[in-house]
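Listed next: structures, encoded as structure tokens.
Heads up, the next two complexes both have subunit A, just with different partners, subunit B and then subunit C.
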Partner chain A sequence: MVTATADIREPFRWTGMGYAVPALLLLAFFFVLPVLALLLRSITEPELGLQNYAELFATSTYARVLFNTFLVAGVVTLFSLLLGFPVAWLLAIMPQRWARIVFAVILLSMWTNLLARTYAWMVLLQRTGVINKMLMATGLVSEPLPLVNNLTGVTIGMVYIMLPFIILPLHATLRAIDPAILNAAALCGAGRWQIFRRVLVPLSAPGAAAGALMVFVMSLGYFVTPSLLGGTANMMLAGMIAQLIQSLLNWGLGGAAAFILLTVTLAIYALQLRYFSGAAGTAGGR
Partner chain B sequence: MTDSFLTISGFRKTFGSIVAVEDVSLNIPKGEFLTFLGPSGSGKSTTLYAVAGFDDPSAGDISIDGRSILATPPHKRNIGMVFQRYTLFPHLPVGENIAFPLRVRGHSAADIAKTVKAMLSLVRLEGFEDRLPAQLSGGQQQRVALARALAYDPPVLLMDEPLSALDKKLREEIQVEIRRIHQETGVTILYVTHDQEEALRLSDRIAVFNHGRIEQVGSGEDLYARPATRFVAGFIGDSNFLKVREVERRGSAASAILPDGTRIENIPAHAGNGHAATPELMVRPQSLKFVQGSGAGLAVKVKDVTFLGDTSSVLLETGWGQEIWLRGAGSAVKTNALSGPLHVEWNPADSHLFC
Partner chain C sequence: MLLSYDRLGGLRFGLWAITIAICLFLLLPVLFIAALSFGSSQWLVFPPPAWTWRWYGELFADPRWLAAAWTSLKVGALVTICSVVLGLLASFALVRGKFPGRLWLKALFLTPMVLPVVVFAVALYALFLRIGLSGTLIGFVIAHTILAFPFAVISITNALETFDKSIEDAAILCGASPWLAKWKVTLPAIRLGLFSAALFSFLISWDEVVVAIFMASPTLQTLPVRIWGALRQDLTPVIAAASTILVVLTLILMAVAGLVRKVFAK
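Let's turn to the complex of A and B:
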């Protein structure tokens, strides 16, 4: 008898696939069908053609939202990497007992309600919030900084939410590096910076890339944090889709925007499969 | 000593309450191949790592060419090292691994290319530049590691059991290479191993480690023929330790009376019997001979004979029930009628009394 698991991994061998049919039907019904329906509406409403897509790119407000979305996702990814690397590194070299505690804190924050965490940032970042009060008290600024209801606020809030998704895979690749290799690099004459640049970064690149792509993709479609911390003037793609469909009932345009998001996401996912999933296995060291 | 190049003096290292190294002092002349030999956990690696600079000594000093290196961080010590584990950079091909220390030092591209080529030919791996470490066997990886460690012409090369992961045949092959490379480069080598055969094959001198101390330093021949302590006598080569009932010391020589009353005169005597409270007489199996005729020597019974080609090993039992080994040329052992009560003798100068 052929086992079911072996067949699921090989889509072109239909023998014995019968076991998977109910699951596939379910998947098709709940995921593929709605997407197809959306795609269909985006090229048929109000009439057949690509005018919805043309409008998205041509109208400056919509184009601006697209630009903001990619900008914020890029900046969030960059800062998550910059902040996540030292944290992952510290976690990898600190005594295991402490590292476990830090991990618990990170996971706990991940499991805390997203809305609660975002509102907490709203309180912290507002004109009279703790951060502005501290900045004023130390005399670093004379006026409260505008930290919320703009893209700065969105970026800060999202970096915080995305950090664990960078730290966890990075930490895994860093832990896999044999400390003896770093000792060898040191005796070869490499100082801290050289070891970081020539050994640590290349060896942890697969983990960093996996984390960065995940963060980028998640950031592109993020809804809650941009809506709450960005205000209405600084909409991102997910917020715009919601508004187009819920408030303006413009299913054609909303569908087109959603489809663009889906396409980009899938393209990035394909990129990751192609270039990084294989490399993660070999470059992580022993 | 005036010609000491690498000097370790009063080195001590503790990890919390664990004393890894009690007290180690060594004077190593330039170009010497010195091996740390000792059982696992005796402090060999700890001493080597202190020279490399990964661990600060708890006490003592380490100097090269008269200057203390303790304040110098590892990456500025200019010391080469081959580790027990494979430590090639997995993302870099062989050529770039060897070039690594030169790139870090900012050498010119032409210089790097020339050195990489020379190093590859030194370790006999020409044509392997572009392979990744994962595509090499364990022995090849350690040879590349050796090339990488020698690429910047370090005055001192440290090797921490570099061959312990390899099988016996390959190990012996690379030992020959290491010996040749030592002669060709003239680099001062500190080598760590727990394998006495490897130590004897490679070294100019051997420092025998035990419980965080050096028991004896000397050439392989010294250690074998003139062991200073019971531990060295037992660790280097095969040995019998006969029980001794009474000792009469006269300076550096002594007479011993064995449990059955046999009296042996003029034995070199040493104080270092380690933890054992009773004196013991060490005789190598090769030193024992059957007495032709009968009467003199130590009375024994034959328990077993093992034919080993060139030699035969004979398991004997003494009058007081202790088992000892005799080894002799296959024919010499055979010609004796190995039955009934026999006597063995040896040149007392070849035996050692530890009391």
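Let's turn to the complex of A and C:
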């Protein structure tokens, strides 16, 4: 808050800027500089040019990783949206005391360590795991399903992690809708299905889109869950970047892959800020 | 009618069924790890044939796990201090400051939150290899402070925006120096924001794994890095015990936070 007295006391044009300098220096040196240096290496190593980018798209292994990453992020977003919508809907209208319990469950899972949750899914989904045992006991399948070390495992684990990120913004949007609008539609003779499809869904679309974009972009950059549940044969983009740099020491190619991830991420966030500001994103992929 | 709980009719049961299923889906892994950590089966048979403290015993008998936990606590504490101090200063600039490019500065301060962590991790890894900070405690603290900083900025700017600056000005008019006025008037008034900033900063460092994998050396590891390393070898129940401890500490902190908020709000 800027008051008249502040203007008299400190007429300098850069008032207050000094306070930001320590953080600015830290970020400039340890955040902006290294990221730019990495991107520079993608066009200078092993020689100047765009050959690293050409290699990423031309080599079938790398192209497949890119395709898998976008595929999994898309499928995860779709499932999170389909499963999250009913929960957000009921959460927006259910009595307070129940809503508090559901919120507690959502927050508990969100605040549980990511590695711990992923470890749980590794054990639950393995061949001799609880899920397969239950499926066999009910006679639905005759032999264990391959649920881990493939993209199915990655998708299950990721949907689990992303659900809260879609339920919370969607819940906020649904709560803000005036029920009178739906009553008006009913008075005008619309049936339930028609009200749902032509009033409720369009009115909740901004929250759904904001949440879906956030989940999509977080899924693109996720490292831990895909690496552990997907196994080495089903790498995703973040895992590939880590491997190119840490194991193969290919800084040029790794930098190029990082630049692609960075560009897509920032582009989607810009889109989100431009069109759905208000329901802002929270966390980058882990 | 679709947004009225009492008039949902049959649909209400459908929505409840899905909600309960999703809640179980969200709860299942958390409860499952805790159960596994007390199960006697080395091969993670579930339900376990018997209950035991054995895995916690093995965990606490292994100096590598203890060293990792100690590193995590040290890094977390240092990150909390750095991130809150930097966040407080930066928030003064963002909320009170009047200079061109203020919104751009805020955008820059929040970027570490949206940038894919793996990109930041490999970029910082390259720099640290060059300047010799790889595998050091300072390296961990710098890396985690950058990740925690945006959350501190959000918590503290929110608190500072709702604080009426004229109260601080009144203290100055009554003879306090600008620093004393900030120390005695402003900081106590925004203590809830500072507390949230500290809590988030600690938890982000405590739970962070991606950057930590790149910063760690065989001799200096945080708890999540140790779990990560163990996970890539086998799925021993000791990991379940370590995970349970991670989760329990987080829950204790959240519970304390809830209490503190209640006390502060009075």
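Everything that follows uses one rule, which is that the second predicted complex is superposed on the first by the 254 of 286 C-alpha atoms of A that agree within 3 Å, B and C clash if a C-alpha of one lies under 4 Å from a C-alpha of the other, contacts with A are read in each partner's own complex, and residues count from 1 in each chain.
By definition in this document, contacts are C-beta pairs under 8 Å (C-beta built on N, C-alpha and C of every residue); 3 or more make two chains touch, one makes a residue touch a chain.
What you see is a predicted model; the values in this text were computed from it and never measured.
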| item | value |
| --- | --- |
| Partner chain(s) touched by A:Y119 [first = subunit B, second = subunit C, both, neither] | second |
| First, second, both or neither for A:L26, with subunit B first and subunit C second | second |
| Touching partner for A:F223 - first (subunit B), second (subunit C), both, neither | second |
| Residues of subunit A touched, compared between subunit B and subunit C (which is higher) | C |
| Touching partner for A:I93 - first (subunit B), second (subunit C), both, neither | second |
| First, second, both or neither for A:R198, with subunit B first and subunit C second | first |
| Touched partner set for A:N183, first subunit B, second subunit C, both or neither | both |
| Touched partner set for A:L248, first subunit B, second subunit C, both or neither | neither |
| Touching both subunit B and subunit C, residues of subunit A | 183, 186, 282-283, 285-286 |
| Partner subunit A, residues of subunit C touching it in the complex | 1-5, 8, 11-12, 14-16, 18-19, 22-23, 25-30, 32-33, 36, 43-46, 86-87, 89-90, 92-100, 105, 108-109, 111-127, 142-143, 145-146, 149, 161, 164-166, 169, 203, 207-210, 213-214, 224, 227-228, 231, 235, 239-240, 243-244, 246-247, 250-251, 254 |
| Residues of subunit B touching subunit A in the complex | 52, 54, 73-81, 83, 85-91, 100-101, 103-105, 134, 145, 148-149, 152 |
| Contacting residues of subunit A [partner subunit B, same complex] | 178, 180-181, 183-191, 194, 198-199, 202-203, 282-283, 285-286 |
| Subunit A residues within the subunit C interface of the complex | 1-3, 5-6, 13-20, 22-24, 26-27, 30-35, 37-38, 41, 83-84, 86-87, 89-95, 102, 105-109, 111-117, 119-124, 126, 128-130, 133, 160, 163-164, 174, 177, 179, 182-183, 186, 192, 195-196, 200, 220-221, 223-224, 228, 238, 241-242, 245-246, 251, 254, 258, 261-262, 265-266, 269, 281-286 |
